[in-house]
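Both complexes shown next keep chain A, but they swap its partner, so chain B is in the first and chain C is in the second.
This part shows the complex of A and B:
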């Protein structure tokens, strides 16, 4: 058997094992993505489901004109940035604290991680009752018990989005804390001992040793929280449904409302393409910043 | 040789699997006993073989308990038919069924979804000839497209003001017949520390329901309002032109603190809790929540009054046909589907369908269903036929426009949308939808 035949046989085995994964990936990602791209330039809708025609950039122009779409984009970016910042800003100190030798360390780690185990929808319905303005709303019972006015967390368009962000920060701080903990445990204790011998304070140790060596986890967590933030839908669906008055509408919630429920399939596809480009742009910038920080 | 034998066996096994997979379809197979279609069944059936059941599917957004009485009746009256009931949540119903219909499939019996688009796409059987004369015009209107009937209107739903009788008696309050009386009641209740009205206005449709009730009494019930819905559907009439006075009247409820921003943060079950526990005196809703209220508070004494008119007289309830029965034009068991509709169109069938929605009325000619005492204060409205649901005539605009109306009203209540922009924005949305 010549070398070419052997090489081909080897390749064929690899292809055989990879084929199912490639087939699934092509069927459920590549093909729908290409179709979405195609339909974004057509008049495809529930009224016109078969004879679709090319309409150029009309669907994209609608996105730029429609205030609701623009509101959805703004809300999504606000949500994603706040979510990323607060989750990571809270998770790092929490991980550092729970990396110390505490008696209750394991218990506390479990408690902080626990909310991440639940489905976002379950957490959404739970917080919907906690935030309620009715007399049965736990938080408002406490607030009024302390002599303050009720806070209309989900009914006030000015604060509803922030109330939604808070629930997700609460739910996923523990999850990210675990990733930071894993990274913290890889930092050799010699560094800390040397810093201690040099008389470094706790803050100096954190700034000069912990934080730089946590950069791999920081880059992973910040990118993932940013991407998850940009994809937000389920918590909005469970808590506010995009309201009041479109105040918490996000890109995905609008894609579902307009692109599916209202039957504007072409516009929905265009919004999907714009969304993909925005995520690509934002994560590229984000990764560059992280890389720059790592190089420093 | 062994390899060739193995290859041959593999191919045969694969062929068997493929053949087995291809032998059944959603509607073609009657049941596990193997009958295929009514025609084939009739041709092949031997006198000695047991009766074969033909399966037909029905997708509906209320759970099976609400139609159990009817399913039992169908089992008894149509022993050769098996109705396979499928529940799909209300908010996903249109999307799920529309997708199935688009693929040339879907259930044999379809509840609702009848509008200009779905009829134009040929999804529904024309029922005019067989059932056109059996049902009342009030019910048929929303399922009639271009003069043809595509769905049979079923048990009406209605929406009014549930009120706590004991709270009303405690403060000597009488059922209001004008809006001014309504405002006075609200004022008295507020002075006594009772929340006058509660509703889960986090759901925009509930808010739209509140405004539409006002619009019915102020505009739709007038001669000018009769043709508005049809003109609005066609795009020849604007909400901003016709319904602005009604909106001004409705805004009074916001100004007087009856509809508040707090309600925008409430889910419907939370509002129901407030009403059932006596923290709020009124709750605008319908019979589908009656059981839940009584379950929360078995001792509650309640009644329902219709939306008062600013000029007085008998008020109006918001309501219409709760759902319809249509036949999928692509159904492979149409004969059986027609037999189910025949059963639906009998007084017995109507009573069975109403059993899960007490208080709902029948649109079948000559059938009058009993109204429970819990709706005593609405009897006059029922008698006068003052039950109407305008969005039912908006065709494919119904769901998105009703929701948009609620969203815009949320903006008004929250102070984020100017009153003059509310209806204009809804008109713009309707234009956008019509331009698809």
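This part shows the complex of A and C:
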């Protein structure tokens, strides 16, 4: 007891250092997240705000039978995977190209990075004009100029989600490129000289030197693009609002429309839990794959 | 052989410049359209404006309540950055310097915030903010957004403090300096690079966050730029000559920030990724 008191006094100052951060983090993040768990098992809703009772897994059962919720989950998966693949597949070659001895390298770097600084919402509104089927839609002006039919990018349920992904690949490819570029600069140039002496082709060098040594950046960028892809909301909100016919509805957009606007608090919370589990599951699997590749 | 290499490099460079030009067309289009009338924008979307007009801007400034919104944005970002830097650097200092197991667990506790999406707790958070009477206050938004930026900031600070040598602090302790004074007069001053990184990341995250103000700020006096933009988009979807200046005015502060501190921003936004 006495020893505990002494060690507490010694640690008091450190506890004082930690307290503000813990308090803030607990109040606005941990507490609401834990409450979400609790509410997901209750029938709390706008219609039933007072008489809140425990209903077991009923909310989860409702989710799994509701077409809109399921659509939201598959859309979010499709979106996150497409986003992750395209951003990284475009960013790596771009970074390799910019890693050459170019005169305008820093100019090119600034241009490709620029969109990443802007608010996603603004980018969304801008692209809704670019995609528009009205007379002023820039992309459709080009399409009809080339003699094709107008394409209804955001109104056609078959392509709307891809049109949404495209804007985000455009916005964040430069950001990821810069991360790859920083990683590329840590690769010693001797490796490339040795490969050249052995008569390796460009593609062989890329496959056996560049790609394996880029693994730290690849693991960071793929994990982060995946997580950010799963959290997608602003861009959908600005471009389509979840439509047409729920073709671009995502998990968070549903949590907001169903959970907050329509007042299904219990269901919304259950959806939040499903969301968290999906993110954790996908990230864990992803990290395992990366680890396997690193050990090979 | 050498000249063949330089030629292919030149070709690569030209190719990349063309690609960059196409890549940046949306931003260029946004910029030039702001100076045009609707008719001119429709007929010559990509041409440099001929009847250069600033009228769009004056009406945009007014209908967005631009300077009120800008002021609110600045207050939220400055307060958010200050809170995050103070709280997270102090917490990270203890986590980095004290070797007790419990501090390791506290670190893990903070790291979950990087993986678990905060949007999960939005419903209870809304209830909490109402019960604290913080709905429609900047304070509420500042606290929420500072909280969201804490985990990454603590992670970056801890990694950096790990690499700061102990000797100076030990000398200060021997001279009878307390932990509090040692931290602020010695350690904190050595953290400048990571303070800059965290400040940039937090400033951009709070500035670009749309969901939190959308849910928690209702009156127009408390509006931020993105909210004002959103309100106006609903009204002016047809009259896009009036809308484009609003889009541009919303990103203008970020554009100026980027152009003036480009090197720091690029380094800051990518810091802690490969090294981490």
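By definition in this document, the second predicted complex is superposed on the first by the 286 of 296 C-alpha atoms of A that agree within 3 Å, B and C clash if a C-alpha of one lies under 4 Å from a C-alpha of the other, contacts with A are read in each partner's own complex, and residues count from 1 in each chain.
Note that in this section a contact is a pair of C-beta atoms (placed from the backbone, for glycine too) under 8 Å apart; a residue touches a chain by one contact, two chains touch by 3 or more.
Note that this is a predicted model, so its numbers are computed, not measured.
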item	value
Contacts of A:240 with chain B and chain C, given as first, second, both or neither	first
Chain B versus chain C as contact partner of A:46, first or second or both or neither	first
Which of chain B and chain C A:18 touches, first, second, both or neither	second
Touching partner for A:72 - first (chain B), second (chain C), both, neither	neither
Winner by number of chain A residues touched, once chain B and chain C are compared	C
Chain B versus chain C as contact partner of A:155, first or second or both or neither	first
Chain B versus chain C as contact partner of A:268, first or second or both or neither	second
First (chain B), second (chain C), both or neither touched by A:229	neither
Contacts of A:136 with chain B and chain C, given as first, second, both or neither	both
Intersection of chain A interface sets (partners chain B, chain C)	129, 135-136, 260
Partner chain A, residues of chain B touching it in the complex	94-95, 98, 102, 117, 120-121, 198, 201-204, 261-267, 270-271, 273-274, 279, 396, 399-400, 407-408, 410-411, 413-414, 416-417, 433, 436
Chain A contact footprint on chain C (complex, rising order)	9, 12-13, 16-17, 20, 23-24, 26-27, 29-30, 38, 41-42, 45-46, 83, 86-88, 90-91, 93-95, 98, 100, 103, 106, 109-110, 113, 115-128, 143-144, 146-148, 150-151, 154, 178-180, 183, 204, 207-208, 210-211, 215, 226, 229-230, 233, 240, 243-244, 247, 250-251, 254-255, 257-258, 262, 265-266, 269-270, 273-274, 276
Chain A to chain B touching residues, read off their complex	45-49, 128-129, 131-137, 150, 152-157, 240-241, 243-247, 260-264
Residues on chain A engaged by chain C in the complex (per definition of touch)	11, 13-14, 17-18, 20-22, 24-25, 27-33, 35-36, 39, 97-98, 100-104, 107-122, 125-127, 129-130, 135-136, 138, 141, 170, 175, 178-179, 182-183, 186, 216-217, 220-221, 224, 227, 230-231, 233-234, 237, 252, 255-256, 259-260, 265, 268-269, 272-273, 275-276, 279-280, 283
